[in-house]
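Next up, some structures in structure tokens.
Paired with subunit B in one complex and with subunit C in the other, subunit A is shared by the two complexes that follow.
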Partner chain A sequence: MNTEQIIREAMYQVAEISDCQLMEPIREDTVLLQSGLDSLGFAMLVAQLEEDLGIDPFTEMAIPVYPNTFGEFVRIYQQYAEQSQDGQ
Partner chain B sequence: MTLSGALAQFLSNIKTGALLVVPPESNNQQPESVGLTEVHYAQLLESATQLRAQHKGLKGKTLSIRYNNLCDFVTELLAFDGWCAELYLLPDGDSPALPEDCVDRPDMDGGSELKSTDPVEPVQTRWYLATSGTTDRPKWIGHSLVGLTHSIKYSERLSCLIWGLVYQPFRFAGLQVVLQALLTGAKLVDASSGDIAVRLQRLKQGEVTAISATPTLWRQFLMSGQLHSMQLSQLTLGGEVADQGILDALATVFSKASIRHIYASTEAGVGFAVSDRRAGFPRIWLEQGYDNIRFKVDEHQHLWIKPATLAQEGIVGRVDKQGYLDTEDLVELKGDRALFLGRASGAINVGGNKVHPQQVEQVLLDLPEVMQARVYGHTSSVMGQLVAAQIVATQRVDVIVLKKQILKHCMSKLLRHQVPLLLEFVEQIDSNAAGKIGRGNVNE
Partner chain C sequence: MNKLVVLTGASRGLGLAIAEQLLQQNYQVLAIARSQSEALKQLAQSCSERLDFMPADLGQLDALPDLCHAIIKQYGRPYALINNAAVGHDGVLATLHNSQISELLNLNLQAPILMSKYLLRSMLLNRAGRIVNISSIVAKTGFNGLSVYAASKAGLEGFSRSLAREAGKGGVTVNCVAPGYMETEMTSALKGEKLESVKRRSAIGRLATPEDAAAMVAYLLSEQASAITGTVMTVDGGSTA
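The block that comes next holds the complex of A and B.
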């Protein structure tokens, strides 16, 4: 699975656990705050992805930007993963 | 000093300041179509004078005030500070027990026993605010107005600010914003209720330039993508630990603004602000003090503070001989900074909402399949902390089924932010020598 697929998968898992109704479909331009995940669900998603991908781009804020859309969110993870690999 | 007296004196010199609120009758309309109404502080003061005159019998009594809307709330504060001996600001959730002689306004009589010849010397009202239950059950902490307004200073720059109120005004942080706006003659826009879109709408409508919010709420504002269009010149973070990530992100958007994070202790009655855009506070303050506050850190990493004015009630036993109060907040000394780690009690702070691990553990142990449970705070870059639990399950149980069962059970018994969404099944749980479950943060 690529990063985007992993994130989508995690979103569905988290929505189920945290009792949130996810918007269908989640598109590139879906605004995260309107995706159906509330702030607690979003916090869960970031925690779940830390487990799945081994990174949390928001901890050190190497990229000091908060995502507005699903597409931006995915790109932050992709960018951060690349940066981490470059740094190794 | 009384609040109404201070405001009256202020208004006699500088006639500025107003509340910008949504009219109560527009509650059923679409938020986007509702404009804000401006209520000048002079009007509030006039209403307060009338209200006091109608309830003269309350002089020297103990009164509880329930928040309905911002205009009424501020009017009542102005009316009864300096008049009642004690004011209890009721929280929306569980309220600690009120004294027996406490009255609330609708229940009391018109109170006309006070004759016009009675002295009208103001009394020193004690203000009681409910803690959000950081240490244990919520409790009342008494404050003087002098203590509550200790850090408020007037300047022309501050009076030109337009504050956005995003906290509940009956809590310490919200009341600070209300008092700050009133006593500097600044405008105050009410955005204390509604979902994130409604709040942002109000803040933009009111053209706010100053906001005080939790780091969690600031992150949501940033995620909305709408913060960029606001002209903020003063940003304050409080209610939970501000990490370097959120400070950097805000500094990127508002490069010229003043960005401060606040440490506030309801018990101590005051707080302090750090404005160098770095997490924690300068270590040198432990030697030099800061803004009439002295600091020390004991061998258990507890932060002790000695403010200029200490809230006296409800904290007996936590003040040492030198007058320092144990805040029960843990700090780590790292380089030239003192960094906040969380509560010594293990209380979890989920985006500004406190959760007691013991309460959650009790709910988990309701289930016969759960033999042992340990609840702790998992560090979250989004909400500060999340509630996590380690579970020792009975043998031969399907953990996937049990996980769903646990979540369902917790959802029915606990508030959403209290539910342990991160569950880990383990063979055993470590306990300390006294047999108590360790409460350290395992992911740190």
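The block that comes next holds the complex of A and C.
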């Protein structure tokens, strides 16, 4: 699975355990706050992705960045996943 | 499987008493402290399979995300976090060195906030968890020479109340235990007439012990305490009654 697929999978997983109804379909330009996950759900998503991918970009970044859309969220993870692979 | 409790400042005083009681109640305890005390080593010998030690200086705030990551990787998602580690510099503010003010606020306030941030997320994934922050009656009363310490504890109480609101929906409770003066190494400067006066002022004529406060922590971790969140449990022998 690539990073985007892992994120999609994690979103469904988190939505299920936090009783949230995800918007269908989640597209690149879907605004995160309208995706169906609430703020607690996003905290859980970041924790789930840290377990799955071994990275937490939002801790590693020097300046806080808050992605607005699903596409922006995925790109942040792709960028840090590449950096972490380069560093190994 | 035994529930995992991450306990900071576990090597001495109240932390050690909490470790003892949680082990008696069959929790798996991950003790975190700068170094392993003799008492903690002895405790580990008596129940080695359920007590692990991880050395860490919690004042090194930048290292805390990696510490929490390592905890989860090695031991899995914790059930509970007890933020007990603290320093208690005693001195009037006017002459307290700025580095000691920073050191105290880092260890007593920022470190518990960051530990909570990184371990709460795992608890949310489990839809169950407990965070207990060790405060002090000084958060609400005044005591000469403890202004910065008091600020850190009052900060911890405010933090706990609002975090309880955030985490409640995720099945995680957040509370404080506020002990009164206990005879531990941290309060060893309190002697003679001052100590006698504190004892006299308590409702039960004695100081609460670390074991008394540890019992409250153990209760807050129990299933029976699942509806208690966002509050401060005072264990002070009635000193502030």
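Convention: the second predicted complex is superposed on the first by the 85 of 88 C-alpha atoms of A that agree within 3 Å, B and C clash if a C-alpha of one lies under 4 Å from a C-alpha of the other, contacts with A are read in each partner's own complex, and residues count from 1 in each chain.
Please note the rule applied: a residue touches a chain if its C-beta (ideal position, glycine included) is under 8 Å from a C-beta of that chain, and two chains touch if they have at least 3 such contacts.
On a predicted model such as this, the values are computed, not experimentally measured, just so you know.
When the two complexes are overlaid on subunit A, subunit B and subunit C occupy overlapping space and clash. Residue contacts after overlaying the shared chain place A:86 against neither subunit B nor subunit C.
Judged by the touch definition given at the top, the superposed model places A:56 against both subunit B and subunit C.
By the touch criterion defined above, A:29 lies against neither subunit B nor subunit C after alignment on the C-alpha atoms of chain A.
By the document's definition of touching, of the two partners only subunit B reaches A:64; subunit C does not. By the document's definition of touching, of the two partners only subunit B reaches A:42; subunit C does not.
When subunit B and subunit C are set side by side, the one touching more residues of subunit A is B. By the touch criterion defined above, A:18 reaches both subunit B and subunit C. Once the complexes are superposed on chain A, the part of subunit B occupying the same space as subunit C corresponds, among 24-32, 96-104, 132-140 or 150-158, to 132-140.
Residues common to the contacts of subunit A with subunit B and with subunit C across the two structures: 17-18, 40, 43-44, 46-47, 56, 59.
Those residues of subunit B whose C-beta lies close enough to touch subunit A in the complex are 196-197, 216, 219-220, 222-225, 243-246, 248-249, 251-252, 350-351, 378, 380-383, 386, 407, 411, 416-417, 421-422. Partner subunit A is touched in their complex by these residues of subunit C: 65, 69, 72, 120-122, 124-125, 127, 166-167, 169-170. Residues 14, 17-18, 40, 43-44, 46-48, 50-51, 56, 59 of subunit A are the ones that touch subunit C when the two sit in their complex. Residues of subunit A touching subunit B in their complex: 17-19, 31-33, 39-40, 42-44, 46-47, 56, 58-61, 64-68.
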